[in-house]
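See below for the structure under consideration.
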Amino acid sequence: MKQKIWSIIEDNTTLEGRIFDYFIQVLILLSLIAFSLETLPNNSERTINFLNAFEVVCVIVFTIEYVLRIYVSKHPFKYIFSFYGIIDLLAIFPFYLQAAVDLRGLRAFRVFRIFRALKLVRYNRALQRIHLAVKIIKEEIVLFFIITLILIYLTSCGIYFFENEAQPELFSSIFHSLWWSIVTLTTVGYGDVYPITAGGKIFTFVVLIIGVGIVTVPAGLAASALSKAREIEQENFDLKNQSKK
Amino acid sequence: MKQKIWSIIEDNTTLEGRIFDYFIQVLILLSLIAFSLETLPNNSERTINFLNAFEVVCVIVFTIEYVLRIYVSKHPFKYIFSFYGIIDLLAIFPFYLQAAVDLRGLRAFRVFRIFRALKLVRYNRALQRIHLAVKIIKEEIVLFFIITLILIYLTSCGIYFFENEAQPELFSSIFHSLWWSIVTLTTVGYGDVYPITAGGKIFTFVVLIIGVGIVTVPAGLAASALSKAREIEQENFDLKNQSKK
Amino acid sequence: MKQKIWSIIEDNTTLEGRIFDYFIQVLILLSLIAFSLETLPNNSERTINFLNAFEVVCVIVFTIEYVLRIYVSKHPFKYIFSFYGIIDLLAIFPFYLQAAVDLRGLRAFRVFRIFRALKLVRYNRALQRIHLAVKIIKEEIVLFFIITLILIYLTSCGIYFFENEAQPELFSSIFHSLWWSIVTLTTVGYGDVYPITAGGKIFTFVVLIIGVGIVTVPAGLAASALSKAREIEQENFDLKNQSKK
Amino acid sequence: MKQKIWSIIEDNTTLEGRIFDYFIQVLILLSLIAFSLETLPNNSERTINFLNAFEVVCVIVFTIEYVLRIYVSKHPFKYIFSFYGIIDLLAIFPFYLQAAVDLRGLRAFRVFRIFRALKLVRYNRALQRIHLAVKIIKEEIVLFFIITLILIYLTSCGIYFFENEAQPELFSSIFHSLWWSIVTLTTVGYGDVYPITAGGKIFTFVVLIIGVGIVTVPAGLAASALSKAREIEQENFDLKNQSKK
């Protein structure tokens, strides 16, 4: 019996396993769409009732699935405290607590359950490659992250110095200037805050020429680390083939 | 006879073939310009008449070309259902249907016929390299695509939570917030929607620092895959030369 | 005599040559600053007179230099029609024509003369590397350029279709929509034009997810080609050293 | 005695050294936060007094630290004029001068002291790699920097030519147009200045297609140089291991 349930829930090489997996994935997608629909401002009462009913069905299915996963697991606690275990719990417990606290917003995290779908098929190797790439460049990414934060902080101090007098409401403190810094250095540039003094504009000129490059380096690093990870994978594959011969 | 037509239409090593190809390409460009001119708001009646007449000429030429291509093709159905076959059909059939339905907008797809011009000359190898590069990174691109979509979804949920009360008209639902997410994460930043609450700004700060890097990784991946494709091409070329010796 | 002048003008290994080069470079920079100052709206008459006088001095010096360069050159016509020869001419002839036509704007091209300064010192090899990199990726760059243009055209047609009715003044034709396309796909996003209909926003969503990556690939390509060029340079250098032994 | 103090201040392998380092780092972070809080517009008198008192404490601690570092240093002048020595001095001397000149803004540079924390732990190697990468691409970065400046200058001249008449206030001189150029070429696009004439828009179209790629190349260069630096590090590591055997 336990074996049978295990083969349905955890094993996706059997027909029942595949059907179960696709069923759960489709339900997750539908429940995310339902969650988004609920936020629409002018829903009719009928729509609201239907969405509530659908949410009850989803939570029941997800709860059964969660209990069964614990039941068939060899190390239940390992599953409960694993990434997927926590995501699975996040997908259901806000519902049970809603009488006490309103945590329905947490339902958005169900979106992470979609990753399990990726494990299904051929993306497992690509995920491993990303994992390897992250390991290769972890130090550089952390360093650039710190450099970026320092750059944003210094930029905020500088623009505060130049623009505070001219625009006291938009650049009223270094904290307010941080908003300008991040929007400028990531090149989003909404246009709600921008320097108007000559000093502030010259400062921005210098910051943009130097800063934009620094902020975009990590993406390039990630790309080259992924190429490297692919090469390493290929080498390991070649080595295995050689040793087989 | 069939052989002669084939050499004109499909073969671009002969003089007639080249002239035919250039003639068709120029006509495509002119028909695209005519299509764009038609959308101008204050065309005089004379201009409209001229553009309509020119369109009739274009459709006649493209129809004759289409019929001839089917006629000389060894496997007509293979051509009809190929990428270029469909594009060639798209270039003419809206005209014949315009009495019934207004599909003139589809004429814009004639632009794809320009790709055939690239096949002509020396870009064939570069196209093959791009094709190979796409094959190398297909999995990662799909993965990053899914990660990007998940990121956009979670960001939308987050900003909806922070900004809905302060700006109920701009962030009126998660669907409306999606617009903000895509415009922010791709760093376009039109400035029509942006957070105004402190919570929303801090949330955006965190999202931008983490998210912008993730969204721009695929471009870097594509670039390094193209380098890789060039290397593979070079190796194959070297191998061929060696085996010849 | 001719030899002497040559050693001053063309040879930058001698002291006189270096002094001459630095003098000309400083004069170019000053003349560019003077040109920019002239465009300031509220210049006093004294400033205008001074700037005019300085411009006359610059043109006299540049003219003498130009004539001398022709005089000492072994193949005068080769110099006159070379990149630097044309730039040198552009730097002076607008002045002589100003009675007839106002071409003073062309003086901005003096900025290209700065490149000659780069040849002086150690940037010569870096310039060669960039030259080699451009040769490596020329085909891909042209291809991506064409793909980008096609993408911009199709995007313009699409947004015109979605937004023309809602914003007939901003998206009044495909030509007007091109402005929106380029500003969006390069992620500049001024905020003067953006879609307001649901259809237009969804269309922009799709375009941004796919298009932004494509438009930024060439920069990544250029970067990896430059790395490749450095490797090739290194290999050639190693080969030379080996053959010497 | 001197030895003892040295082991606390400079050596971070001992327990006392680590405690001292973490204490100083936390104090730097707190003093930066205090500095930022001071700029808030509506601080109560109590808050201001508290922040002032805290600043006095910080300066006393940093002064003692600075004096001790000079005291234990073998080459005091080498330390004083080193990067960290200057940063350490910048962290305290504005306080002592504030009766005469208001240089409190310089306190923001304390943020650089955070780099010392990075030296502590495992980021030392990543810092060395970045150092090596900078050395590899120094020439290209300088070249692209100059090319970018030339591009910005020419773009400013161009847009001034097209837009000056239509928008004399925003594009009133080449210097004012520089602001538009940097905001556009880095794709920030605040939306405070943008071309409105057909000529200016077409010019921007061309500039964006060519220019955006050039401006973003250095980030890609940096990323590929960092990969190269990692490879070189790996090779050196392998060579050492081989020579040990």
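The letters A, B, C and D name the chains in turn, as written, and every chain counts its residues from 1.
Quick note on the criterion: a residue touches a chain if its C-beta (ideal position, glycine included) is under 8 Å from a C-beta of that chain, and two chains touch if they have at least 3 such contacts.
Remember, predicted model here, so these are calculated numbers, not experimental data.
Participant: Have a look at A-C, B-D or A-B and name the one that copies the A-D interface, over half of its contact pairs being the same.
Facilitator: Selected from A-C, B-D or A-B as the counterpart of A-D: A-B.
Participant: More C-beta contacts across B-D or across B-C?
Facilitator: Per the contact counts, B-C leads.
Participant: Counting shared numbers against all numbers at the contact of chain C and chain D, is it over half, same, or under half, different?
Facilitator: Mostly different residues form this interface, as fewer than half of the numbers used are common to both chains.
Participant: Compute the distance, rounded to whole Å, between the mean C-alpha positions of chain B and chain D.
Facilitator: About 41 Å separates the centre of chain B from that of chain D.
Participant: What whole-number Å value describes the gap between the mean CA coordinates of chain B and chain C?
Facilitator: A distance of 29 Å separates the two centres.
Participant: Which residue numbers or ranges of chain D touch two or more of the other chains?
Facilitator: Within chain D, residues 187-191, 216, 219-220, 223-224 contact more than one other chain.
Participant: Touching residues of chain B toward chain D in the complex: what are they?
Facilitator: 187, 189-191, 220, 223
Participant: What does chain C use to touch chain B in their complex?
Facilitator: Within the complex, chain C contacts chain B at residues 136, 139-140, 142-143, 146, 150, 153-154, 157-158, 160-161, 164, 168, 172-175, 184, 187-191, 194, 201, 204-205, 208-209, 212-214, 216-217, 219-221, 223-225, 228.
Participant: Which chain B residues qualify as touching chain C in the complex?
Facilitator: 32, 35-36, 39-41, 105, 108-109, 111-112, 114, 118, 122-123, 125-127, 129-130, 145, 148-149, 178-179, 182-183, 186-192, 215-216, 218-220, 222-224, 226-227, 230
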